[in-house]
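One chain, chain A, links the two complexes that follow: it is found with chain B in the first and with chain C in the second.
Up next is the complex of A and B:
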C-alpha cells in the first residue's frame, strides 16, 4: 500500500513538472494558432539563464523569475523579428517549418555559447526530501508542484477576470470578430506568444536543478509538452494541467507495476486513443474554423 | 631571326628544361610526400567535447612522430580531420570524404559504437581502420581483417569489473538499471553471467528509454526490494548525473556501482557530488599511469596544462600504432601486410605493451577500480590484466 501511495505521489509531482512545460505550448496554440516547435529551445534557454544567474552568486529563488523574464525578452524580440512577419494568418505548415528552424537555431546557439556538456544548476533545496507518513517528496519537486499550481491558477484567473484576459479569450475564439469589436489583435497575439514562451523559460529554470542543463534538454520537454497538450486538449489550460497529471500518474504506475521498458509507449498509446475517440482532447473544445 | 622568334625559342627551351627537371626529381618529391591519416571525429553536436579531446591527443602523437623524423624514410605524418557529427550517417559521409577527397592511407577516430559500426562498412576490405575509443563488441565481431580496436570492448571491461564486484564488494542481492541500448545489453548479459556464477541474486532489471528523465518511480520500486547493491549502466553524462541525483534523494543504496568506461568529468560535474561513493572501472588513470605512462602524462600536462583522459590516450595510441606498423611493414598501403605486422607485433604504449588478438582487439594491460570521492575519481585498485 505504501509503495502504491508513494508511486501515486511520484506521479503527481512529476505531472506538475509536465504541466509547467505544457501550459506555454497550449497558450500559444490556443491563441496564436501556432504549434510552437521552438518551445523546447525556449525551455533550454530558461535553464541556461538560471545557470548564468546562479553561477554569478544570485539566489536560485530570485534567479527563477529573472530567468523567465530573460526568456520573455528573447521571445519578444523573436516575435517582433520573425513570428509576426511570417506566421500570423499563415497555415499550420508555415508555423511548423519556421518554429522548427527557430528551435534548431536556438539549440545550435546554446552549443556555440556554452558547449555541449551538461552543467549543474544548484538550488538551495539540493537533494533534500520531505517525509510525511512514510511517503517522501523531494523538496525541489514539491517547489515545482507549488509553482505549477500558482502559475496555472494565476493564468487562469487573469484570463477569466481581467479585461486583457477576456480579450485574449476573444481572439482565441474568433480573431476576426475580435478585430471588428475593436480589440488590438496583433498586440494580443504578441502578449500570448511572449507569455507562452516565458512559461517555457520558467519551466526550464524550475526543472534545471533536477535535470541538469544541456543544449538539447528541450527535446524531451517538447515531446512531453505535445503529448500532454494533445491529451488535455490543444489550447485548454485546465486541459494542460489535467493531461499532465494524468500522464505523470499513468507513467509512474506503469513503471512500478507493469514495465519500465514499455512506459514511453504508454504516453503515445494514450495520445493515439485520444486522437481516435476524442480528437479535441479530454478538456478541449471542438476547433472552429480559424480566420 | 626576329627578336620575337628568339624569345619563343628561349621559352620553349626553358619549358623543356623545366619538364626534364620535374621528371628527374619526381621520385624524390614523391618520397617526401606526407603519409595522410584520416580522423573521423565528432567535432560538432552533443559529443563535440570528445572530438576536441581526441583532436588534441592525435595532434600530440603526430607532432612527436614528426619530431623524431617521421616514418618510412623521413615521410611526415599529416592528420586530416573530418566531422562525423556523432551520428552514423555523419560517420559514413566523413569516412567516404576522407578516403576520396582526403587521399588518406588509414582511418582512425571513434568515440561512439554505432558511428564506428557504420564507418566500418565503408572501410571493410578497402582501408586500414583503427577504432580508438568505441567499445561495442559488435565492431570487431564482424571479421574485418584490417580493423583494429585500441580500447577494451564492453565484454573485457565488464569481466574485469564484475570480478571485483563478486570477489571484493560481495553484495548478496543486486538491482540493475540502465538505458536500453546495444552497448548496455552486453553489460547486462555479462553481469548476469558473473552474478549467477557467484551465486548472487539479481533482484530486478529495469531498462529505460533514452528519453527518460525521471527515475523516481523506478528507484522507488528498486528501493522497496531493498538490494545490497545498485548497478547503473548509462554512458550519457546528463542523464546519468540526473539519475544519481535522484538516487541520492531517495536515500541511496548500501553499495552503488556504475558500468565501467563511462564515467568522465563531463558526468561528474553536473552530478554535483551526487556520485560520491559510486564504484566504477577504467582502463587508464592519469594519476597512476604505471611506469610506462608517467612520461606521457608528465609531458602532456606540461604541454597542454591538463591531465590526459582516456579519450586523449586511446587516440594517441591509435596514431602511434598506425605509424609504427606502417614503418615496420615498410608500406603505407599494403594493408594485408600492415595488419599482419600489427597482429604479430607487440606495441609499446603509455599503458605498457599492447598486443592484438585475431579479432583485432587489444586488451588493456591494467584495469583500474575507481571510486568517486568529493566529485573526483580516485583509484581503489590497479589490477594487471595478464
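Up next is the complex of A and C:
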C-alpha cells in the first residue's frame, strides 16, 4: 500500500512537470493551428538559459523566471521572422516541416555552442527530500509541482477572467468568427505562440536540476508532450493537464509494477488506443477540417 | 490521354520516348563510368551508401510528394530492412538475397498493419503517430535481446554477396546500389504515369474533391503506403554492407529527418528530386568537410528558407529561373 501511494505521488509530480510542456504545445495547436515540433528545442533552450544564469552566480529561483523570459524573447523573434511568414498560409504540411527543421536547427545550434555533453544546473534545494505522511518527495520535485500548479492556475485564471484571455479562447473556438467580431487574430496568435514557447522554456528551467541539461533533452519532452496532448485532445487545455497527470501516473505505475525498460512505449500505446477509439482525445471536442 | 497527364516527366509520347531512353542510357553510362574510374574506396563506398539512402528518400517522397503527408515514421521500414538482413544472415544463415526478399515481404506486412492504424489520420496526427511507432520499435529492438541483440545491435556478418557479386568490394557495391536505384526510379516513373499515379496526385491535391469524383481515397493512401515500405526496407537492407552493424538507432527519427531533408532539397514534385537531394546532402558536406551539426544547422536553415520562399524545393527555383529566361512553361508543380 505504501509503495502504491508513493508511486501514485511520484506519478502526479512527474505529470505536473509534463503538464507545463503540454499546455504550451496545446495552446499553440489550438490558437495558431500548428503542431509545434520545435517545442523540444525551446524546452532545451530554457534549460540552457537557466544554466547560463546560474553559472553567472544568479540564484536559481531568480534564474527560472528569467530563463522563461529569455525563451519568450527568442520565441517572439522566431514568430516574427519565420512562423508568421510561412505558416499562416494554407500550406498543409509546411508548418510541420518548418517547425521540425527549426527544432533540428535549434538542437544543432545548442550542440555547437555548448557541446554535446550534459552540464549540471545547481538548485539550492539540492538533493534534499521532504517527508509528508510517510511519502517521500525530493524538494526539487515538490518545487516543480508547486510551480506548475501556480503557472497553470494563473494561465487558467487569465484565460477565464481577462479580456485578452477570452479573446484567446474565442480564436481557439472559431478564428474567423473572432476576426469578424473585431478581435486582432494575428496578435492573439503571436501571444499564444510566445506563451506556449515560454511554457516550454519554463519547464526546461524547472527540470534542469533533475535531468542535467544536454542539447537533445527536448526530444523526450517533445515526445511526452505530444502523447499528452493527443491523449487529452489537441487544443484542449484542461485535456492537456488531465492527460499529463494520467501519463505521469501511468508511467510511474508501469515502471514500478511491470517493466522499466518498456515504459517509453507505454505512452504511444495509450495514444494509439486513444486515436482508435476516441480520436478527438479524452477531453477534446471534435475538430472541423482545418485546412 | 496518359502522356498528357500533368506530373508525367515529359510532354508528348513519341518524342519523349526517345529522349527518355537517352536519359536512361546516359544514367547507365554515368554509373558504369563512375564505378570503373573512381578507385578511392572511401568515396566509392560513400557513393554506394548515398544510392542506398536515396532509395529511402524516394520512399519518403512516395508519401510526401505522393499523398501529401509527412512520414516521420518511415525509418521503421528502413529498420525492418536492416534488421531483416542482419537477422536473416547473422542468425538464420540465409543468403543475402533471400534475407532481403524476406525483409521486403515483412515490411509490406508491417505497412499493412501500421497503415490500417495511421492512415486514418491526416496532417500532424499522422506524422506524430508514425513517429511514435518508431519509438515503440526502438524500445522493442532494445529489449528483445534474443532477436535483435539488444542495444549493442547485430554485427559480424558473413561476406555479403548478390549472386557472384561481392558487395564488400566498394566498386561492386556502388554499381549494384546505383543500378537498383535506377530501376527504382524507372519503376516510380511508371507508377506515376499509371492510373494509380493519377489517383494519388488527385488525393494529394484535394482529398475531398478526389472522393467526390469517385477515387477511393483510403485505398489510394494505403496503396501508396504499401509501395513506400519495401523501398525503405530495400534502402535499409542495402545500407548494411556499408554500416556493417545494425543497432536500434536505425529507428531514430534523425534517420527519417536525413531522408526528409534530401526530398525537400531536391523538391518533392520531381521523381528524381530526392536523388539529387541525396547527392547534395552527402557530397557537399564531404567536400566542404563540415561537422555533422553544422550540416544539420545549415540544411535545416535551407529547408526553412525553401519552405518560406519556394515550397517546391530547388526544382521549383530552377523552373522559375527557366521561365524567367523565356522558355516554354512546363506542366510541373501545379
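Definition applied: the second predicted complex is superposed on the first by the 285 of 291 C-alpha atoms of A that agree within 3 Å, B and C clash if a C-alpha of one lies under 4 Å from a C-alpha of the other, contacts with A are read in each partner's own complex, and residues count from 1 in each chain.
Basically, contacts are C-beta pairs under 8 Å (C-beta built on N, C-alpha and C of every residue); 3 or more make two chains touch, one makes a residue touch a chain.
Just so we're clear, the structure is a prediction, and the values are computed from it rather than from any experiment.
Once chain A is used to superpose the two complexes, chain B occupies space that clashes with chain C. Once the two complexes are laid over each other on the shared chain, residue contacts for A:169 go to neither chain B nor chain C.
Once the two complexes are laid over each other on the shared chain, residue contacts for A:82 go to chain C alone; chain B is not touched. In the superposed model, A:111 makes contact with both chain B and chain C. Of the two partner chains, neither chain B nor chain C is touched by A:8.
In the superposition on chain A, A:129 makes contact with chain B only, not with chain C. By the touch criterion defined above, A:223 lies against chain B and chain C together after alignment on the C-alpha atoms of chain A.
Contact with chain B, but none with chain C, is seen for A:120 once the two complexes are overlaid on the shared chain. Of the two partner chains placed by superposition, chain B and chain C are both touched by A:261. Within the three-chain overlay, chain B meets chain C in a clash at only one of the listed stretches 19-27, 91-99 or 127-135, and that stretch is 91-99. Note: residues 111, 223, 261, 264 of chain A belong to the chain B contact set and to the chain C contact set alike, using the contact criterion stated above.
Chain B makes touch with chain A in their complex at residues 44-49, 177, 180, 206-209, 211-214, 216-218, 220-221, 224, 237-238, 241-242, 245-246, 248-251, 266-267, 269-272, 274. Of all residues in chain A, those touching chain B in their complex are 3, 6-7, 10-11, 14, 17, 111, 115-120, 122, 127-129, 136, 138, 141, 210-217, 219-220, 223, 251-252, 255-256, 260-261, 263-264. Touching chain A in their complex are the following residues of chain C: 64, 68-70, 72, 117, 120-121, 123-125, 127-129, 131-133, 135-136, 139-140, 142-143, 257, 260-261, 264, 291, 293-294, 296-297, 300-301, 303-304, 307-308, 311. Contact residues of chain A toward chain C in the complex are 29, 34-35, 82, 85-86, 91-94, 96-98, 100-102, 104-105, 107-109, 111-112, 223, 226-227, 230, 234, 261-262, 264-265, 267-269, 271-272, 275-276, 279, 290-291.
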